[in-house]
Amino acid sequence: MRPSGRAADQLRSIRLTRGFTRHAEGSVLVEFGDTRVLCTASVEERVPPWLRNSNRGWVTAEYGMLPRATGSRTDREAARGRQQGRTVEIQRLIGRALRAVVDLEALGERRVVIDCDVLQADGGTRTASITGGYVALADAVGTLMKSGKVRRNPLHGQVAAISVGIHQGTPVLDLDYAEDSEAETDMNVVMNDAGHFIEVQGTAEGHAFRRAELDSMLDLASDGIERLIAEQRTALEG
Amino acid sequence: MRPSGRAADQLRSIRLTRGFTRHAEGSVLVEFGDTRVLCTASVEERVPPWLRNSNRGWVTAEYGMLPRATGSRTDREAARGRQQGRTVEIQRLIGRALRAVVDLEALGERRVVIDCDVLQADGGTRTASITGGYVALADAVGTLMKSGKVRRNPLHGQVAAISVGIHQGTPVLDLDYAEDSEAETDMNVVMNDAGHFIEVQGTAEGHAFRRAELDSMLDLASDGIERLIAEQRTALEG
Amino acid sequence: MRPSGRAADQLRSIRLTRGFTRHAEGSVLVEFGDTRVLCTASVEERVPPWLRNSNRGWVTAEYGMLPRATGSRTDREAARGRQQGRTVEIQRLIGRALRAVVDLEALGERRVVIDCDVLQADGGTRTASITGGYVALADAVGTLMKSGKVRRNPLHGQVAAISVGIHQGTPVLDLDYAEDSEAETDMNVVMNDAGHFIEVQGTAEGHAFRRAELDSMLDLASDGIERLIAEQRTALEG
Amino acid sequence: MRPSGRAADQLRSIRLTRGFTRHAEGSVLVEFGDTRVLCTASVEERVPPWLRNSNRGWVTAEYGMLPRATGSRTDREAARGRQQGRTVEIQRLIGRALRAVVDLEALGERRVVIDCDVLQADGGTRTASITGGYVALADAVGTLMKSGKVRRNPLHGQVAAISVGIHQGTPVLDLDYAEDSEAETDMNVVMNDAGHFIEVQGTAEGHAFRRAELDSMLDLASDGIERLIAEQRTALEG
Amino acid sequence: MRPSGRAADQLRSIRLTRGFTRHAEGSVLVEFGDTRVLCTASVEERVPPWLRNSNRGWVTAEYGMLPRATGSRTDREAARGRQQGRTVEIQRLIGRALRAVVDLEALGERRVVIDCDVLQADGGTRTASITGGYVALADAVGTLMKSGKVRRNPLHGQVAAISVGIHQGTPVLDLDYAEDSEAETDMNVVMNDAGHFIEVQGTAEGHAFRRAELDSMLDLASDGIERLIAEQRTALEG
Amino acid sequence: MRPSGRAADQLRSIRLTRGFTRHAEGSVLVEFGDTRVLCTASVEERVPPWLRNSNRGWVTAEYGMLPRATGSRTDREAARGRQQGRTVEIQRLIGRALRAVVDLEALGERRVVIDCDVLQADGGTRTASITGGYVALADAVGTLMKSGKVRRNPLHGQVAAISVGIHQGTPVLDLDYAEDSEAETDMNVVMNDAGHFIEVQGTAEGHAFRRAELDSMLDLASDGIERLIAEQRTALEG
């Protein structure tokens, strides 16, 4: 039995609320159960130096946690003067994942920044960020297309992500914080709407995992991401 | 006529939502119109070095804006590696304002950190932070008293804050961003529930202001803060 | 009785020594009693990025304290790698105060930096900095006008500042360190030569202050600043 | 045909030179073809704060590249004042990988730091670092056991790592820089001597990869790592 | 002929003003012509971590230049967030030079910090700092001995420093800024009152210098330092 | 007798291995006994801002030590976020020394960066860096001349460096770490192939040194450097 009482292949309750704040070109509150992340997409009419005059755009992500998003307060990174290694890893992952479905030439010489700020954390903040970040990005792209600044849709697919793990010997989907703390293996999987892999990151926390366990986790992840892709579609059509 | 269409002495719609997130000892979403700030109060059983073995506690504040809380995206301070001067000024102000109603000996040798994170900005984020921060602090203190860790109520008063300014020659209350951008004078006033001043910060943006103008602004602020104090009381009784 | 033995409305001995060092376009040693601040004004033929090609100039200030300006040594900010919150607040205040009397278009596309370095501290360093910084700025502007680089006088007024406070229940003018440490309220007031306010910053240190106390402090400040404005004029005519 | 002319499942020439420098408790030059990394293991008789008085030790890694290890010079991180995101990711990966085969209680309350400094880069520096870092760690552990400071062998397994990828549609093993630049998918696999997974990190660089491709890459990696494990054993017996 | 009109072996006008500011245990304004440096000595009853419980003290120096001590303004190091290489070199030199005449055991477990802040620069700021820093240190030591905290005089000698150089083929003493800018060789010499060397730092700016030139410069420096040592003695007896 | 068993005027075994790594325009492993430094020379077709459009080039150096180059591990400067004072001093010295034999106009508007990374330290790393750095620079210059980018040889001399010191009252050449730790005086001397001085840096570690001691040390250094210059020539002809 999982601590959450969920079935092994059961996602937490998923919510995608568009237009959560009003200034950003895309603003989505994504909830995976008690995990709540505000994803905003900001369009800027400039690109990083290495892309100037390239006719190509860029999509990047930044990630942060409010100090008391977690059970005990963590130091504010702005006050400490540096981002932690974990933060840097996560925001690089989110950026790579989203760029995997973007045609940067079609986007044109501009930058979209996806800010993922965790208001409340209960495990899976990086997968929620990718899943919600995609919807914010889609809204920003929609704005660009409506305004005529972008002609051809730069999004050539959807992307979503979920965590899987081995909990007390059983592969389980979408771990919350309590499950994640006890899991022997933790894996984050990013896939597109064609069911192909964009990123796979699995780490043995306790003992090393076998190939069969890896296979089961990948199966669970594929099913979960299919459902997230559907949730994204519903949200964007809403 | 104010850009917002409000009367000169009219506050924006005020909302104080307690329990907005679940981990913190106090968690309040404060809204002054479109300005939305999440204020959390975190209790830590340790004090800064200079208070060790003093039998006194500490209350401090940190302030941040999500990068896209504003009309155009501002750089993430954690990524830049330093907090801006404006941020430092605001969080020092919030901390001083809240400490003005706290008996630090009654609090005991522990620290309460008030994190004020702006989810959406439309002027007056520092006054909203003080007003909402007080409610979060009151909730955290309530938790400490219920648990028996604190015997005597460390709060000896309420504190709230509002901005006033001179807009097209007229003193007005609670400026939103559009009004603030055009105001000739901008003043932030912090008062307690006895109607006394805790902090007054007035700055001439355009031309210098006269004593009579200062007096009118202080009158407006007193009235506005009285209403905010009542809103706080209602929220805490709710 | 004040610790300093002064009457409630009595300034400390004020000295403004022009030409204290020889390289700067303006160089003034300002003394408010034992508080000694070296204010230099440096003209640079460039502006911050956001003013390029705007035909407008800029005036900014930086503030520092020599490590042993104070009773016990404070860490050198350059060695610690960051300026303290207090330093940032003060230099922002000095810059705003001086810009309030400058026509930035008349100044032309150049920058004047006012460096205020405290050689010896005994309370009131920020008000001494503003008062002395104005004289240094006036000397730099004089140099620019003599050289013909600036045609129209960019200074449309004088600016000076003083602290006031409530000490043992009595409003007093120009607090030294001993008085400031005991004061219940501390207020810094910046005014121009027309007797209007440029900045008012009052903070309750002990208990909150009443409107009548605020009024008395403002009256004291007005009188004190009038005398400082006269001292500036005498120095500049000398 | 691979740019390197190797067969799809062929490793580059692997060399593990122990005792490359003389001060460290373990010092190994690892070469995967033209990639050369100096891995040193340093034993320190202290642990990070969170492990004090826990009777447990710690193993951590730091990673760096000499500025001209690469085709064009990269800025020295010490001079820039911060480690890049890529550096932080890699050193966290190396540390996790090595800790997966260490019994931290058997190690006792001390810290082993594995420094992996790239003298020459030609792809696969992180997998070479893990593979060589293990040998340096084993030498340091050997020293600790010979001295009697550690009684029970803290190493309960071997760990090695290799990269795999899809190059022009074909899964290939141990990519050099030229191959890596063109690869559609890049995956780093860390395994132990039992053939189980410690870490799997796969990223689609071009198009998303299918499950069958993932399976082929994992097969290649398993075979490659088995050979690396044998190389480590030979080196340690040498 | 030297730009300054001085004879080759002529020092600039030297002044040592004790008690220049009032808080520090030693406070000396040292002037070498137009170069003016404020040297303060601060006694702190604690030592760096590596000297705790060693019964030995420490003497260290910090160096800074006010931004407009120089002909054109230099950035404030506190604002830039780091000390320049030149600053670090100079303060390390001053610290080494002063420690060369201090018996750190006789000083006892405490630290004396010599802050050397350049108010006006005209060449030779580091040699002025050492020469004036010694007098400030002597005053601080005098205070410690008078108070009985230190029994045995920790100063076992005097130390002073001067620059020498080759200007238009001629060895000259005590270069001012104009001479230093044109000099082919620049050398700083630190000696004690026995006429022995504590530090010699010579750098060819133009062409390399010969042994005979080096010898002449050392002769000039010896004579100059003898006179500085006498000036220090006079100042301390004054 | 020296700890190393060498005669007072005996160098350690010197080796200069060109082409140690393959990417850099010059790559030399220099060994002074157990001190091993990798010196690479990187040519970049850009100059620092202050040399743009000047038709002059620049030569600069950076210095680093691998964390475990030393007997006990030192913190990685990249991880600490700043270079130590010692590092900054050394790299400034190396840069000055090398520029002393370069005609920056003949080099043309480009930059050569000499990276000196200490793989193993046993005293004399800065003198080894200068001596080996010259050979790397000569190789990079050779590449530039072969390619025709540079017409006139920018090297107008050779430069090498050695340490000398007073060990148990005797002047000795080329101190290793054990000797350096016990030396009463430590001096680094940089000379060119004409036997003239480029830099002399002598520091009394124990007691101050006399003129006769200084003279002996300079004699030893001259002889030693003459031999190093010959070693460089042999290596470059090899």
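The chains carry the letters A, B, C, D, E and F, assigned in the order they are written, with residues numbered from 1 in each.
Going forward, contacts are C-beta pairs under 8 Å (C-beta built on N, C-alpha and C of every residue); 3 or more make two chains touch, one makes a residue touch a chain.
Just so we're on the same page, UniProt names per chain: A, B, C, D, E, F = Ribonuclease PH.
Keep in mind that what you see is a predicted model, and the values were worked out from it rather than measured.
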Common contacts of chain E and chain F, by label, are none
Give the pair among A-B, E-F or A-D whose set of contact pairs overlaps with that of C-E by over half, matching residues by number. A-B
Fit chain A to chain D on CA atoms, both being copies of the same sequence, and give the resulting rotation angle in degrees, nearest 5. 180
For the two copies chain B and chain A, is the contact made of the same residues on each side, with over half of the numbers shared, or of different residues? same
Farthest chain from chain C, comparing Cα centres? D
Averaged over CA atoms, how far is the centre of chain A from the centre of chain F? Could you give it in whole Å? 50
Provide the C-alpha centroid distance between chain B and chain F, rounded to the nearest whole angstrom. 59
Any idea how many Å lie between the Cα centroids of chain D and chain F? 33
Mind pulling the chain B residues that touch 2 or more other chains? 81-82
Ring of chains, enumerated from chain B in the sense that reaches chain C first: B, C, E, F, D, A
Sort out for me which residues of chain D touch chain A in the complex. 82, 85, 88-89, 91-92, 96, 100, 157, 187, 191-192, 194, 196-204, 207-211, 214, 218, 222
Show me the residue ranges of chain D that touch chain F in the complex, using the header's touch definition. 21-24, 27, 34, 36, 38, 40, 42, 44, 62, 64, 66-73, 76-79, 81-83, 87, 113, 115, 117, 119-120
